[in-house]
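Here is the structure we will look at.
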Amino acid sequence: MTASPPPRRTALEQDRLDSALKDLFEQRITFNQTLGLTVESLAATGPTARITMRPELVGHFLYGRLHGGVISATLDAMGGLALMVAIGEKHPDENAEQIMHRFARMGTIDLRVDFLRQGIGQHFIASAEVTRLGGRVGSTQMRLVNDAGLLIATGAAAYMVS
Amino acid sequence: MTASPPPRRTALEQDRLDSALKDLFEQRITFNQTLGLTVESLAATGPTARITMRPELVGHFLYGRLHGGVISATLDAMGGLALMVAIGEKHPDENAEQIMHRFARMGTIDLRVDFLRQGIGQHFIASAEVTRLGGRVGSTQMRLVNDAGLLIATGAAAYMVS
Amino acid sequence: MTASPPPRRTALEQDRLDSALKDLFEQRITFNQTLGLTVESLAATGPTARITMRPELVGHFLYGRLHGGVISATLDAMGGLALMVAIGEKHPDENAEQIMHRFARMGTIDLRVDFLRQGIGQHFIASAEVTRLGGRVGSTQMRLVNDAGLLIATGAAAYMVS
Amino acid sequence: MTASPPPRRTALEQDRLDSALKDLFEQRITFNQTLGLTVESLAATGPTARITMRPELVGHFLYGRLHGGVISATLDAMGGLALMVAIGEKHPDENAEQIMHRFARMGTIDLRVDFLRQGIGQHFIASAEVTRLGGRVGSTQMRLVNDAGLLIATGAAAYMVS
């Protein structure tokens, strides 16, 4: 006889969790607001977000390319978001408040970014997947593509989770 | 008999180069302006810059810590600045225009950031040193300390140079 | 009217190139021999290689897991191999000697490895894909799975190419 | 009234700990034996180790340079050793057995290596310093120089500690 899995949160509660995640990512993390990051999807297989080009985000003013620092910041934020979604899936019986409480101690341990091509585009889509979610550390891989689908950057990061 | 070294640019020309570097770093790289980065020193042994805490730069609004993305962006910018200074030293006979022209094709290949401690402080000092300057690739190591001298983050990066 | 692409090397010449690549990877890079790396595939979409567990390759003798250093060395070698294959595809009209000559100046600029799970298994499969191949720098992503298909490690690296 | 610090282990007990650390590093981690790593110093400010060039450790047989994989493995091992020494200092009242017991769950989370110059030399010295030792994660920076004092590689890594 095996234990039954804990009952999954209701669709309504999942909506509350998704709204809370979206609010945290887009509003409460002030610098994400500076970047203008908006959530596109909170799919369990890996979330996506959008960043729209603005003059404040360019590197050298002559070239109009997305600054490397914007790319790093975006990929770091995406890895964290992917882990938040994965933590929600790992504890399917917990309600939105319980899951959100788990993020209080999350933090990036380290980050690598590979800048592959110039960040030219009207908007960009960032995505992330969790390669491991342990009890203390989570690892992710991230990608940024432009509006033509060209791979602009990839990233890898480790985060403290609890 | 050995060849004499090329004559070094005059102090006046060095001042012109330093002004051009400062202007590029603080003004022309638009996102550095978003971050509020200001040059503190352009010493040949490794430049330093300052970042002053502002509400737009925090991570989660409750905690008031410097966002990881700000740290990554700052360290990336510092590694590039250290290479610019080193390129100026490598070609001591070239005038400011010639040196500035060399930066047109510079770009970050990849970046690692280690987030060691929470970014708490009124201001922060970023520094960088060049560990290798080759003909095609340059490598740097970077550090960020807060106003109490505490080490907040370290970084390592590789850049295309030409 | 567009230019016709250069004629691709013959199947026989491709076999000669593949043999030369395999010989370089398995025999001439002495440390790969120490590791016991063998090529499984030289597919243009990304090569794979195998490493078989041996006592010399374990970390702490009590646990019998693949040492992290073996994983780093393997992923570094795989990224290089993926770039070699990609360089062969980028110059389809060149013969084996011409392609092999291109590798004389290749070198790893930097490498990141994420150690996700303990390296337990009888053998492991390493794979790599090229995310960008430029004229001076190439970037790759790498993976190591064990004989049960479990993801053990991921990597990212940049290489000088010419 | 403040609490007195715990009494530090005796010089004899420190010798026992140093011997146990040296034995773990040089003998019990089998792959370190394959590399031929020997401890030079266990100084609290950062340990050093030596690696002597041997034919098995070269990359391409024609050039006789230290293989990148040897460099990665060595720097990874050094970061771990630096954390072990730091853990011994963090718990000065514990005896050798207690400290050694703390290493059972240590593991590398991720590693970056910058390959700066060709690994040419009769022997090499690796060193490491701890940039942060937390309750769950430790971070280190590492360097490898050749017998002429030339900087060959730098590294950064994060480790699980407990």
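Read from first to last, the chains carry the letters A, B, C and D; within each, the first residue is number 1.
Simple rule for what comes next: contacts are C-beta pairs under 8 Å (C-beta built on N, C-alpha and C of every residue); 3 or more make two chains touch, one makes a residue touch a chain.
Model, not experiment: these values are computed from the prediction.
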item	value
Copy pair subunit A, subunit C: interface residue numbering same or different (half cut)	same
Farthest chain (mean CA position) relative to subunit A	D
Mean-CA-position distance for subunit D and subunit C (Å)	27
Interchain centroid distance [CA atoms averaged], subunit B/subunit D, Å	30
Where subunit A touches two or more other chains at once, by residue number	109-110, 112, 114, 139, 156, 158
Of subunit A, residues touching subunit B in the complex	24, 28-31, 34-35, 55-62, 67-70, 72-74, 76-77, 107-115, 118
Footprint of subunit D on subunit A - complex, ascending	109-110, 112, 136-137, 139, 156, 158, 160
List of subunit A residues in touch with subunit C within their complex	112, 114, 116-117, 131-132, 139, 141, 151, 154, 156, 158
